[in-house]
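Below, subunit A partners subunit B and then partners subunit C, in two separate complexes.
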Partner chain A sequence: MTPLLELKNVVSGYGSIRALKDVSATVDPGEAVAIIGSNGAGKSTMLKTVCGLVRPFQGQIVFNGKDITGWEAERVAAAGIALVPEGRRVFPRMTVLENLLLGAYTRTDRAAISEDLDKMYDLFPKLYELKARMAGSLSGGEQQMLAFARALMSKPRLLLLDEPSMGLAPIIVSQIYNTIATIRKAGVTIVLVEQNAKLALSAVDRAYVMETGRIVLEGRPEEILQDQKVMRAYLGVS
Partner chain B sequence: MGNPGAGLCARPPERGFPMVFEQIINGLILGSTYSLIALGYTMVYGILEMINFAHGEIYMFGAFTGLWLTLTTNLPFVATFLLASLAAAALGFVIERVAYRPLRRSSRITVLISAIGVSIFLQNLMLIVAGPQTRDFPAKLSIVTWHLPGGVAFTSLQAYILLLVVVLMAGLQLLVQRTKIGQAMRAVAQDREVARLMGIPIDKVISFTFVLGSGLGAVAGIIIGVYFNSVDPLMGMLPGLKGFVAAVLGGIGSIPGAMLGGLILGFAEVAGTIYMSSYKDAIAFCFLVLILLIKPSGILGRSLQEKV
Partner chain C sequence: MSAYQQQILILTGINVISALGLSLISGFTGQLSLGHAGFFGVGAYISALLTTKAQLPFALALVVGAFSAGLAGLVVGFPTLRLKGDYLAIATLGFGEIMRVLALNLKITGGPVGIRGIPHSTWPSTVILLAVLAYLLLKKLIDSHVGKTFIAVREDETAAEAMGLDTARVKISAFVIGAIYAGVAGGLYAHYIRYINPSILGFMKSIEILCMVVLGGMGSLPGTVAGTVILTVTPELLRSVSPLISQYRQVIYGVLLIVLMLCRPQGLFGGATYKRERHVPAWKLWGRRESANDIAQR
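Showing the complex of A and B:
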């Protein structure tokens, strides 16, 4: 199977800081892949580089058969990659509905957009109740739902999730992970970044372990869970 | 009244109600031009967090283009007005492309210096092209004066100006709140990175913001040029600064704030003209100092922490 996303020897970072040092990875269509690793390992940088928010210094990124290396973020978004950013980042002084419609910014199929809006309200009934509220006034969990729904409104082929459980109560986290399972069933390919390794590994087919800008391990969740050395050294599990 | 520019100070001071009424109209007109200027500053600041110090020169350029079209063509005034505003909007587009966009990743001070450079360049260019003298603006308008009971006079020019400003402000509000480009502008102002993730072409949004702000600034320049029947190459300096003060007063980045800040400043200045006319221009800067001391985020602005 040709991968949906492929990173080939990507070097990337900020100014003179190299946060990704020679990263290669693949994601197959329909697959859910986790990227785990401790603070500052380069997980977010990897996602930002894929989305075009950070330009790679070297290497190549191929998405859906197209070389998207160095593309501007707006072009990558239009090509079918959506990111739910770390910290949710909803537009605080816009309503829930406006946030959702911005998710569909690159689409022109009006009828289908309003259909998808209804689908989002089915998936997150709470958002329907809150649709006229300013996004900044929502709780953390509600904002996370909104960030998910906003990303899905672009009808992405590939959904990138950056620490969706961060700072949320356990009950909300389990809701979020149920949603991830639902989205997967709908056929969306997912890359999930988490610091909480056990949580992430429970939700995916395959995972990469990152450490200081490099991938140090790749495998199925049960393989990674069995690697005592990795679990201890990088993931803080004793 | 043959002279359309018989505006603020030209009239003999009358007493009682007619004077109050007249000063209210003057305050509204002056204030709404400050609002129009302030909108350009505030929209650009909202999106780029930069102060476009060449904005006063766009105002001046609008007035000069309007004058030039009036003198060299037979176009009706409405067409002159429109073309001059479009020309100034195009100038705003070019300035952003040439002087600001290449510095997008530079420090704020670099961009500020570039803006001041553009401002000085445009002033001097106009000094060379048009000469330093102040010119009349013989707008092709037939102006009617209405004499209302109680000795109150009101001109059709004043009515046109106020109507135009109301229409522009309402239109802008609709554009920003209801249209797709308006949504995109607000999204870029609130979180530029995430706006890009939504697929919003931020370069286009930034260009559009400059075009819009410059067009509004030019409208203010033409209004003032016609109303006071006076145009000169340095005419943008003081109104430019005052428009900036109005934007800060209302809360920089806030569109309703710019509208409010301009009106407050306009009324304060007109009141100042009555009681201490030689200090009129100082009022704006007293406001600036006061607002920076009392509430730096402005009347309708968000506090700085919130702004992230």
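Showing the complex of A and C:
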């Protein structure tokens, strides 16, 4: 099977700092892949590089058969990659509905957009109740739901989730992970970045373990969980 | 109406048009600009030169002046794209100063003397009509789907980029449209006062307009108008109360600004978007019919 996303020897970072040092990875269509690792391992940089918010210094990124290396973020978004950013980053002084419609910015098929809007309200009934509220007045969990729905409104082939559990109460986190499972069932390919390794491994088909800008291990969740040495050394889990 | 009252009315209208332009740039798109007088000056000088030197009709000169200002907005917009917040403010400040120094030193602009004998073509009806038109056009823009992209850039530029917005284009559009507004205001001003010199390009003029936008509330159109009317009319009202107050009117004006900012840091109308629930039905925006959800809830 040809992968939906392929990173070939990608080197990336900020200014003179290299946060990704020669990273190669693949994501197959329909797959859910986790990227786990401790603080500063380069997980978020990897996502940002894929979606064009950070330019790679070297290497190649291929999405859906197209070389998207060095594309501007808006072009990547239009090609079908949606990002749920770290810390949610909804537009605070815009209503929930306006946030959702901005998610569909790259699309022009109005009828289909309004259908998808209804789908989002079915998936997140709470958002329907809150649609006229300013996004900034929502709770953290509600904002995370909104960030998910906003990303899904672009009808992405690939959904990138950056630390969706960060700063949320445990009960909200389990809700979020239920949502991820629902999105997976709908056939959306997912790349999930998490610091909470066990949680992430419970939700995916395959995972990469990162450490200081490199991928140190790749495998199925159960394989990684069994590798006590890796769990302790890289993920701080005993 | 006395000639004096008419003058206040006209200057208020001109300031409203200019402030609406800055409102789009700073209030809605979040790009702090301290060079608005520069755009105003381009509109004023170009249109004045066209009517005095080239004998062009006023309406045409006003349009050309406005588009020249828009072009200046494009020129400012591009190099400053990567700048944010205070850095952008300083760069736009630099633009305003360049325009002032140019007007001061070029032969064609008349140097420090400026341009005299500009035909009187701006009448109250012209100003009121254009101010209302400027307001309605901007309101239509802000309420449209495109308008939301300006606000999205203000709210979170990175997130907007990840949504697929071309944030560079959004910011440049804001600068160009805002500059056109200032250019129209400048053209009207030149053909009302009939005499312009480089002082209209001064830094304080940019600050004055920014005060109007901030006082009214960043990101509010009625607020921008209210702020402009208050800050244009109040100094004149204070002038006419009593000789004592008249003497101290600039002090009172300053105190008023401080008190207002202390009491309502979000501006007169600024908080409204936060608290008021806006029930914009989805079908209004996208031609959406009632969803299964609506029907189920009955």
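What we mean here is this: the second predicted complex is superposed on the first by the 238 of 238 C-alpha atoms of A that agree within 3 Å, B and C clash if a C-alpha of one lies under 4 Å from a C-alpha of the other, contacts with A are read in each partner's own complex, and residues count from 1 in each chain.
Everything below uses one rule, namely that contacts are C-beta pairs under 8 Å (C-beta built on N, C-alpha and C of every residue); 3 or more make two chains touch, one makes a residue touch a chain.
The structure presented is a predicted model; accordingly, all values stated were derived computationally and were not measured.
K.L.:
Overlay done on subunit A, so just call it for subunit B and subunit C: clash or fit.
P.N.:
With subunit A as the common anchor, subunit B and subunit C collide in the superposed model.
K.L.:
Examine A:30 and indicate which partner it touches, taking first as subunit B and second as subunit C; both and neither are also allowed.
P.N.:
neither
K.L.:
Touch check for A:78: first (subunit B), second (subunit C), both, or neither?
P.N.:
both
K.L.:
Does the superposition put A:121 against subunit B (first), subunit C (second), both, or neither?
P.N.:
second
K.L.:
Of the two partner chains, subunit B (first) and subunit C (second), which one does A:95 touch, if any: first, second, both, or neither?
P.N.:
In the superposition, A:95 touches subunit C alone.
K.L.:
Quick check for you: in the superposed arrangement, does A:134 touch first (subunit B), second (subunit C), both or neither?
P.N.:
The second partner, subunit C, only.
K.L.:
Go through the superposed model and pick first if A:40 touches only subunit B, second if only subunit C, both, or neither.
P.N.:
A:40 sits against neither subunit B nor subunit C.
K.L.:
For A:70, select first, second, both or neither according to whether it touches subunit B, subunit C, the two together, or no partner.
P.N.:
neither
K.L.:
In the superposed model, does subunit B or subunit C contact more residues of subunit A?
P.N.:
Per-residue touch count on subunit A favours C.
K.L.:
Quick one: is A:113 in contact with subunit B, with subunit C, with both, or with neither? Answer first, second, both or neither.
P.N.:
In the superposed model, A:113 contacts subunit C only, not subunit B.
K.L.:
Pick out the shared contact residues on subunit A: the ones touching subunit B in one complex and subunit C in the other.
P.N.:
Shared contact residues on subunit A: 51, 53, 72-74, 77-78, 82-83, 85, 89, 91-94, 98, 101-103, 105-106, 150, 154.
K.L.:
So in the complex, which bits of subunit A are touching subunit C?
P.N.:
51, 53, 72-74, 77-78, 82-83, 85, 89-95, 97-98, 101-103, 105-106, 110-111, 113-114, 117-118, 121-122, 125, 128, 131-134, 136-137, 150, 154
K.L.:
Give every residue of subunit B touching subunit A within the complex, in rising order.
P.N.:
180, 183-184, 186-187, 190-191, 193-202
K.L.:
Going by the contact rule set out above, which residues of subunit C touch subunit A in the complex?
P.N.:
145, 148-149, 151-152, 155-156, 158-167, 219, 273-274, 277-280, 282-283, 285-289, 291-293
K.L.:
Give the list of subunit A residues in touch with subunit B in this complex.
P.N.:
It is residues 51-53, 72-74, 77-78, 82-83, 85, 89, 91-94, 98, 101-103, 105-106, 150, 154 of subunit A that touch subunit B.
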